[in-house]
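One chain, chain A, appears in both complexes that follow, with chain B as partner in the first and chain C in the second.
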Partner chain A sequence: MSSLCGANRRDFLKKCLTGAAVLGVSGRMGLLSAAEEGAALAKSRVVIAHDAMLRGAGTTVDSRRMLGLLDRAMQALFDRDNPIEPWRKLVRPGETVGLKVNALGGRGLSSNLQLVEAISERLQEAGIKASDIVVWDRDTDEMEHVGFHVSTGGNRVQCFGTDQVDYEPELAMYGSVGSRLSKILTQRCNVLINVPVLKDHDGAGVTMALKNMYGVIHNPNKYHPNGCNPYIADLNMLPEIRAKMRLTICDATTACFEGGPGYKPEYSWKHNALMVSQDPVALDYTGWQIIERKRAEKGLKTLEGDKRAPNYIATAADAQHRLGTNDPRRIAVVEV
Partner chain B sequence: MAREFNAQEGESPAVRGERSPFSRPLDRRAFLQCAVASGAAFGLCELAQFPVAIPAWAGPQKQDDSRFTVEAKFYEKLPNNKKIKCKLCPRECAVGDRERGYCGVRENRGGTYYTLVHSRVCAAHIDPIEKKPLFHYLPGTLAFSLATAGCNVNCKFCQNWDISQVRPEQVPADYAPPKLVAELAKQRDCPTIAYTYSEPVIFSEYLMDAADAGHEVGVRSVAVSNGYMQEEALKTAYGKMDAVKIDLKAFTESYYKDVVVGELKPVLDSLVILRKMNKWTEIVYLVVPTLNDSEAEFRGLARWIKTNLGVDVPIHFTQFHPQYLLKNLPITPVPTLERAKAIADAEGLHYAYIGNVPGHPAQNTYCPKCRRMLVERVGFTASQMLIRKGSCPFCGQPIPGIWHA
Partner chain C sequence: MTSIGRVKARGVLLVMLCVALLLDASCKRQPGTEQSLFPPSNQVADWAKAGVIRTFEAADLWKYIDGDAERYLKAGVQRVSTTDYKFQGKVDATVDIYTMGNAAGAEKIFRSEPAVDMKPIQLGDEARLSGQSLVFRKGACLVRIVAFEESAETQQALLQLGHGIELRLAR
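What follows is the complex of A and B.
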């Protein structure tokens, strides 16, 4: 006997109304991310994988060690023994995957090439065709400047900036944000993997997962007042971003504790780490604490003391946004 | 792709997809083409203007950035981290290395601040001066009107957001150095270059150079601006203008904060400074239903103008059309505009106009003394101009403005 069979009309309506109320609160049940689902049940996991020998005896990141570092991070995040399994859990063959890198910082402080190669390698081993992987940022020249090789055809991994394909003509809007989105996001990818860099930011305080989405829109300059708050949170609420975002792999091989987002060697350090999470808010909160510790070690003021605390992180976690959690009691930081 | 025709008065570039005025001289055939196009548009709407437009953009294209990049004039270097502070507008963006200011067209490169839009024209048209609108400045003449990308505010009602709210590399642009602009304006019988459509504050360096080039060949310059500018920049840049139209977007700080993303007080200060500079200035107030259309606001505005600028400053109450981020509001009802004008009249302002309402009698200029009509306007055309030697021909009352070239 069906559970509905015994229900009278009043019970049935109650159930319907309850369901509608739940939908009303979330407003987007079909788009719940893994982070949101997970947040309701368990702590958000942020994995930090270190490798002191990532560069061997030199200054350049070693590709094999980077692959190993990525594997450790992903296996810890997804609790898997095999390095390919986490990716099979993350993507399916036939999907097109965008790797949103960050090339703004210039040479020295942009998404690491060996990291991007390692991610691409594992994605292909998980069944994604090379040509279905798009490595992208806003500007092709900036990407080339930091060492990416542009590729826009054939069976290779694709690599180019939004300037090659333009932005959508129509505005996407949420809260304080009204922006045109990169066609790479809207037309070329159905999965987004965010590959930011662990950095100080002169306006926002810090920049990692959430702020890297500024590279997705045509008018990021409009969203820097007030420490980018609430703009960063509002931007990440856009369904086109939220529905596709599956993972953040934050490049902390070289990180920056002051003077960001541009590269300044005197304010950078070789952290030789990756941070991975499906909760971008938890990742940003955790990265912020790393930067604060480094600032304290260097005798610098806290970001709060410097009047640029990254308050957008709390906004992203608030009841209106629910993009993840910034509550340290609900974040499990796993170091491997 | 042709831009959708926009009936809103002010700074909307008319038609895209045609050849640039910078790419060829306007020969007889081209002139006739323009005239036919203009006539056709006129048949659809009397607000049409003379179309001269930028090239069709087939898609993204690389522009030679170096041609348009010139060190900015209004900024100071900060002691740490190669940061700079922009001194162009009251926002005073502190811009880190490799970043841009709020306007999106000025970039810090290694501690030096650059404008990326010098001579980088993304919209150019020949418009009637009445379209700016400037009603007391050379009526019936044409203005060689141009814009670069970018703006230092973000009005939710912006009708030109697709050029004002973008970075320069995101829109097609022509290289139009100042001398070329001046020569073309002269060739095409435009006594004025108008810096308009987006926001001339953010291309001040170009505006100054183009104004100088224009003056050398007898062509004037006018700015159509939000007035959100620092005093030194205002005096330096708009000191070169022959007239200025200021968009006073509202008379409350809350509106400026929420709808404009700017501030009211600096704009009021700019108006007072322009007055002290004896610069011919007209004011536009776009009346947005429910947001800035209260009687108290109209009255406060009129009284402020009377006290601080005098009764002879023209004010244009213009009709809002849903645009950009404000598509949920209706077109301003004409009675609301008439109420605003009636309040301004009652407070003693001599020249309160109604804009964006074709055929409305409040588009005409009347003598404040004998009430006779002195300038009749149909759409953007001055169809009758009776002012003689700056005075009413009927009663001799001086009519302020720049009436003759």
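What follows is the complex of A and C.
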């Protein structure tokens, strides 16, 4: 196995603790001191894996380094030595796995192809058949435009948009939301892995795990008033989404601190990172803090100051929703 | 005023009116004329058109920029047309031309975007340039050109393509 692919356990723990110490200095996110590490396992864990050399000397993400980055992130999240073991904990052979990507931002700010390939590779090594993996978003043309190769048959990884199969005829409803769900979600997948992008969002404030589910329904345009609140939280309460969602792998290789969700190079930066968590609320809260730090660095107002704080994150964590936690004391951010 | 003077004054007014109408109409085109807004391949040196033109009317804007559509709608957007270009066969770029209801709408969008890491330049009514993007407004149009790679030549190339588009908007 390549040294990129498997992190040594001792090195891994050392890096975790180093990351925790760094976070302890930087402040606002959940802290993970050495003494607290055991207790932190009970917290919602958000792993942030960085690789400053992810693109080598160029601008394109290196596939092997991406695989190594994913392995480090997953091994840290599931506390495993072997890069395949986390996936075996996550999925079982015979299951059909949907990778819900985000192609809306267009080229430059959509789920990275190399990341999707790396996830697909590890899923297959964990026993999932290639044809039982579906890479999908709302629209096939959008996916092709950002570089995905459409595939709808054979023994390959499947890749297409909801436009190929349509939405369910009946509305799925919860709270403020009444929407037709993609048949890819309802009929093709029994496991959902969410692969959003770390982005600012003009309406919602930020968009990562929870907001990416707007790409699952036929009428996302109806849910942008009031900072998408409570729509995003309500949408994620739909049983088809909540029951199937097992993991979020947020692509933070290129991230956006302003002007999102479309790609505007002047408001984007190469963060060269992945964020993984099984708690979408904790992941969104953590990503929000990263975006705020970048905004401060660039001399921009906070999202609160810009009158677009992502209040939907708190709604998702409230007693009515309980989709995860937005309490930094209950989030263990682990940097590797 | 003599009758000759009145005729001259009317003539001047007529010319001014025509100029004003032309300026106002420069970006208020009807759907279906988007082809004329985008320079064909090599009309701007080293730039080749690399995709079809897609147009989204205001009601469908969310299909193109879901999440960002609201602020354009509030500013009176009528439609956006977009296509791809390639510079010297190696740098990809996307051009978006938003047609607003009037010049104030284009100005509203332009002014709402912070000028982080961008410098003001002379193009159209107002413009900003960064290493990988050029944004300018002219009349009721807001134009955004985004390159997907940064190189020593990219900025100058974006500027040239911007000038090519500006000329067509002025027709």
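Operating definition for what follows: the second predicted complex is superposed on the first by the 295 of 336 C-alpha atoms of A that agree within 3 Å, B and C clash if a C-alpha of one lies under 4 Å from a C-alpha of the other, contacts with A are read in each partner's own complex, and residues count from 1 in each chain.
Everything below uses one rule, namely that contacts are C-beta pairs under 8 Å (C-beta built on N, C-alpha and C of every residue); 3 or more make two chains touch, one makes a residue touch a chain.
Bear in mind the structure is a predicted one, so any value in this text is a computation, not a measurement.
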Side-by-side fit of chain B and chain C on chain A, or clash: clash
First (chain B), second (chain C), both or neither touched by A:Gln164: first
Which superposed partner A:His224 touches (first chain B, second chain C, both, neither): both
First, second, both or neither for A:Gly299, with chain B first and chain C second: second
Touching partner for A:Pro261 - first (chain B), second (chain C), both, neither: both
Which superposed partner A:Gly108 touches (first chain B, second chain C, both, neither): second
Which superposed partner A:Gly56 touches (first chain B, second chain C, both, neither): neither
Which of chain B and chain C A:Thr207 touches, first, second, both or neither: second
Partner chain(s) touched by A:Pro93 [first = chain B, second = chain C, both, neither]: neither
Among 77-85, 149-157, 185-193 or 347-355 on chain B, the segment whose C-alpha atoms clash with chain C after superposition: 77-85
Chain B/chain C common contact set on chain A: 104, 106, 139, 201-203, 221, 224, 258-262, 264, 267
Of chain C, residues touching chain A in the complex: 62-63, 65-71, 92, 94, 113-114, 116-118, 130-133, 144, 146-150
Parts of chain A lying in touch with chain B, wherever the complex brings them together: 104-106, 139, 163-167, 171, 173, 178, 201-203, 218-219, 221-222, 224-225, 258-262, 264, 267
Chain A - residues contacting chain C, complex: 59, 104, 106-108, 139, 201-204, 207, 214, 220-221, 224, 258-267, 298-300
Complex interface listing, chain B residues touching chain A: 59-60, 62, 80-83, 91, 93-94, 96-104, 154, 165-167, 169-170, 261, 324-325
